[in-house]
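One chain, chain A, links the two complexes that follow: it is found with chain B in the first and with chain C in the second.
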Partner chain A sequence: MTHEECKKVVLDIIADIAPDEDLSNVKPEVRLRDQLQLDSMDFLDIVMELRKRHSIEVPEADYGRLASLDSCAEYLTPKFNALAAKS
Partner chain B sequence: MNPGAQYDVAIIGAGLSGLAAGIRLAHFGKKVCIFERHNAVGGLNGFYSIAGRKFDVGLHALTNYVPAGVKGTPLGKILRQLRIERDEFSLSPQKGSRVSFGPQGEASLRFSNDFAVLEADVGRLFPAQADGFARLARAVRESPLSGGDSKASARALLRGFISDPLLEDMLLCPLMFYGSARQDDMDANQFMIMFRALFLEGFARPFEGVRVIMRVLVEKYREAGGERRMKCGVRRIVAREGRAAALVLDSGEEVTASHVLSSIGSAETAALLGETSPPAPRLGYVETICVLNRPPSALGWGADTIVFFNEGDRFSYRNPEAQVDLRSGIICFPNNFEYGGGRELAEGFFRVTCLANYGAWAGLPEQRYRDDKAGWFPRIQNSARRFLPPLQPAGALEAATVATDMFTPTTVERYTGHLRGAIYGAPTKNAQGRTALTNLYLCGTDQGMLGIVGAMLSGISMANQHILKA
Partner chain C sequence: MNLSRIVITGVGLTAPNGNSLGEFRANLLAGKAGIEWKDVRYMGRLLAGVCHYDPLKYQKKKEIRVGTRAGSISIWCAHEALADSRIDFAPFPKDRVGIYIGCTEHGNVETENEIYAISKFNYDTKYWSHYHNPRTVANNPAGETSLSLGVTGPAYTIGAACAAGNLGLIHAAQMLRLGEVDLALCGGVSESIHTFGIFAGFKSQGALATNEDPLKASRPFDKARNGIVVSEGGCLYTLERLDDALARGAKIYAEIAGYGVNSDASDYVLPNPVRQAECVRKSIANAGLKAADIHIVNTHATATPLGDIQECEAIRSVFGEGCPDTHINNTKSFIGHCMGAAGALELAGNLPSFDDLVVHPTINVDNLDPACALPGLVLNVPVKALKVDTILNNSFGMLGINSTLIVKRFMA
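== the complex of A and B ==
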């Protein structure tokens, strides 16, 4: 998986948990919280959906790594690739 | 059937908080079962049928209504968290409500889903208080959506902004009636939540009533794979080594669960553990319902959605000595929402709610109970009618009435299991929802969030905090 594909995975999740947000112009380097109305409940849902859909575990101590699309890609892409290598 | 079933989570009670928690947990793959003693879902926000007519219980309207596109509000949060599309609730906003004080309602504050209406009336009636009121509104807007275990007094908080006792009581009256379990005051934190819910946001109702919301929740829960067992109450919680080890059902069957979420109230939950708590003060209500052969506006009652009335200058919100406190109450006309598309409810409804003393209703012999209800019915109606335009001719209401119903605190207790029929539960709330057992948590009225939106938010946040995040 590439960083771009990983960002797409995260955006797909956000589109499902926050269907009332406009995701067409999300800047990857800017914190998601600063450009979208997402609160801690929504971030919990991103983590939960990553686990449910992709079996990716994000421990609570790492929630901060999901701040922006760029940081998501940096943190999650290796996890996706490690998982793919195992199967 | 299902002997010794094992669940990740057992939820006690299929009201709004239990269903909302169930949806969250089932959506994220937990094996969940909701146990409900009654044969219908809804709990304190349920509905019932008499002679083919459907009546909503309790709350007359959903609070926290905001138009589509307004974000960062409690309504938006529950829709997101439960993966519900806004249109599924098909909410119609209110026409307009008022707080009416004085023997004939001489002092009146109108409010609607547009906060400017209330601001203008406060400015008109209490010009010297207008600045303080504006500061108060700003403080509420800037407060976080949910606070901690605040035991601070709402009256003390209010006095930091306004000084006229009449305005203080006129603001507190609807907020207390819509969600205070504490007598004559509110928790400051609860005041902020309710001020936002009623005044800054507003009222709405689905055309078909609260059952629309219930239907959506039940369907989401089923789709997510949740299990629901009706007419299947929990008789006892078996505690072992500081944990809820098993639940004994009314049938005698025993089930186990890693987590137990109880929506039935804190003393009610303690009772399942065999603990007896001293009878705590609880606020009860009576409600009279008249079904009319025409909309209330056609009778000459105008377009009020809800009227909060009080005959004096000071508002007493406490358990009355008599069976009913006629001095104050809530009038609701469910017809007066903007249903749109030319839709009108098929019949008119005139509902009046007053504070009532549970102890004065409980334990009466059946005939005496019926007689007392029949005796209070017209008195409650007449008390409320002081705050509505007089009808011509004198018997117009009676002539238009096609059916009536009335419930008392004992009715609520019988159908919901909430002690003393207390719609808002215990006066002391448990915001964290923790109990003496490590895997047993509370949600619903005694966790502290009230109303339709509050109940759902309670179930969601307790499921998130104690089970999903853990």
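== the complex of A and C ==
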């Protein structure tokens, strides 16, 4: 999985948990909370959907790594690739 | 004790056969029921009363996703009631608004959904939603409504089984009289059709209606009645002290005349006609009226074989033969049993009788059960009454909670 593919996975999740938001111009380097109406429960949704849909675990200590699309890609892409390598 | 007069100044509702008082009333007069088939988890296709309001009118998609169906119904009804009341709500002090919503139960839907969801993950609770607690707290429908409206006054639910809709209004009237709030949004809601448990529970009791024709399924007082049609719905009112309503030139639907609330203290599920009759008499005395002064009695009857007979016994003992101006009807024959919303919705369906003097009927009575025969029972077609100045609304619930509310035509 590439970083861009990983960002697409995260955006697909956000589209479901924040269905009123326009996601066409999300800036990857800007914190998601600074450009979208997302609260702490929504971030827990992202964590839960990563777990449910992709079997990716994000420990609480790492929640900060999901701040922006770029940081998501940096943090999650190796996890996705490690999972793919196992299966 | 000199109590403030309390009046109804706005109505917001969603019923299986209408999403406004006008539509609901028109269908009650036209004999149009609103029961349909619904797929219920684990149980298959069952009869249910389903509401078809547009939640996106007052909620964002995310609010619908995060919240509950009962919260959504409450939000719809509250906004509709406020719009109907024509209160200038934006500058209204929000800490002086109370939200009092009757519920039969709350949380079953969300808990069942979560258990079903984790069943797909070998019941591993790390997949349990972080929304479960805010969705299942008993005050959820009122709390979601407070968020939607920015109301900072008291907002909570009143658990009173199927007597709860009336209790919402009664409690609101009490709070207004105590001066706790200046405006109340009150009534009842139900999301019951989204839990299989309530259907399964009634089925296990032998109290779930079956019929090939959904529109004929809910048939209180008919010989062939065979149980309850479970429905969702909601109805909230704006209640105000009369002086406040008059000061702003409000349209007044009705005045709260009196009420009675009591408990059977006799069984978990079986009603007690003696206590029901006591509750009705208590409400009539509270209103300063006599039985013969009541012009419409809206029954609670849910179409269970025994329950209908017992309520009729209670009504017969209060109204007997000496009440020639009293008409008796039933709204569940159109919409099924809306549980916590039942009392509030069923009252709403009768309020326009103050204007048109027409009493909506009890439909689906092809063969009246002689044990349910009552003088003044309005069967299958509406009747024109000589006068309608008072409406008495019965709502009874499990564990023997009884509520009777009387409203009267507003006269200055």
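To be clear about the criterion, the second predicted complex is superposed on the first by the 87 of 87 C-alpha atoms of A that agree within 3 Å, B and C clash if a C-alpha of one lies under 4 Å from a C-alpha of the other, contacts with A are read in each partner's own complex, and residues count from 1 in each chain.
One rule holds for everything that comes next: contacts are C-beta pairs under 8 Å (C-beta built on N, C-alpha and C of every residue); 3 or more make two chains touch, one makes a residue touch a chain.
Since the model is a prediction, treat every value here as computed from it, not as a measurement.
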item	value
Chain B or chain C, by number of chain A residues touched	B
Which superposed partner A:18 touches (first chain B, second chain C, both, neither)	both
First, second, both or neither for A:48, with chain B first and chain C second	both
Chain B versus chain C as contact partner of A:60, first or second or both or neither	first
Partner chain in contact with A:82 - chain B first, chain C second, else both or neither	neither
Where chain A meets both chain C and chain B, residue numbers	17-20, 37, 41, 44-45, 48, 51-52
Contact footprint of chain B on chain A as seen in their complex	16-20, 37, 39, 41-42, 44-45, 48, 51-52, 60
Footprint of chain A on chain C - complex, ascending	60-62, 65-66, 121, 126-127, 129-131
Contact set on chain A toward chain C in their complex	17-20, 37, 41, 44-45, 48, 51-52
Complex interface listing, chain B residues touching chain A	27-29, 68-69, 71-72, 76-77, 80-81, 83, 85-86, 460-461, 464, 468-469
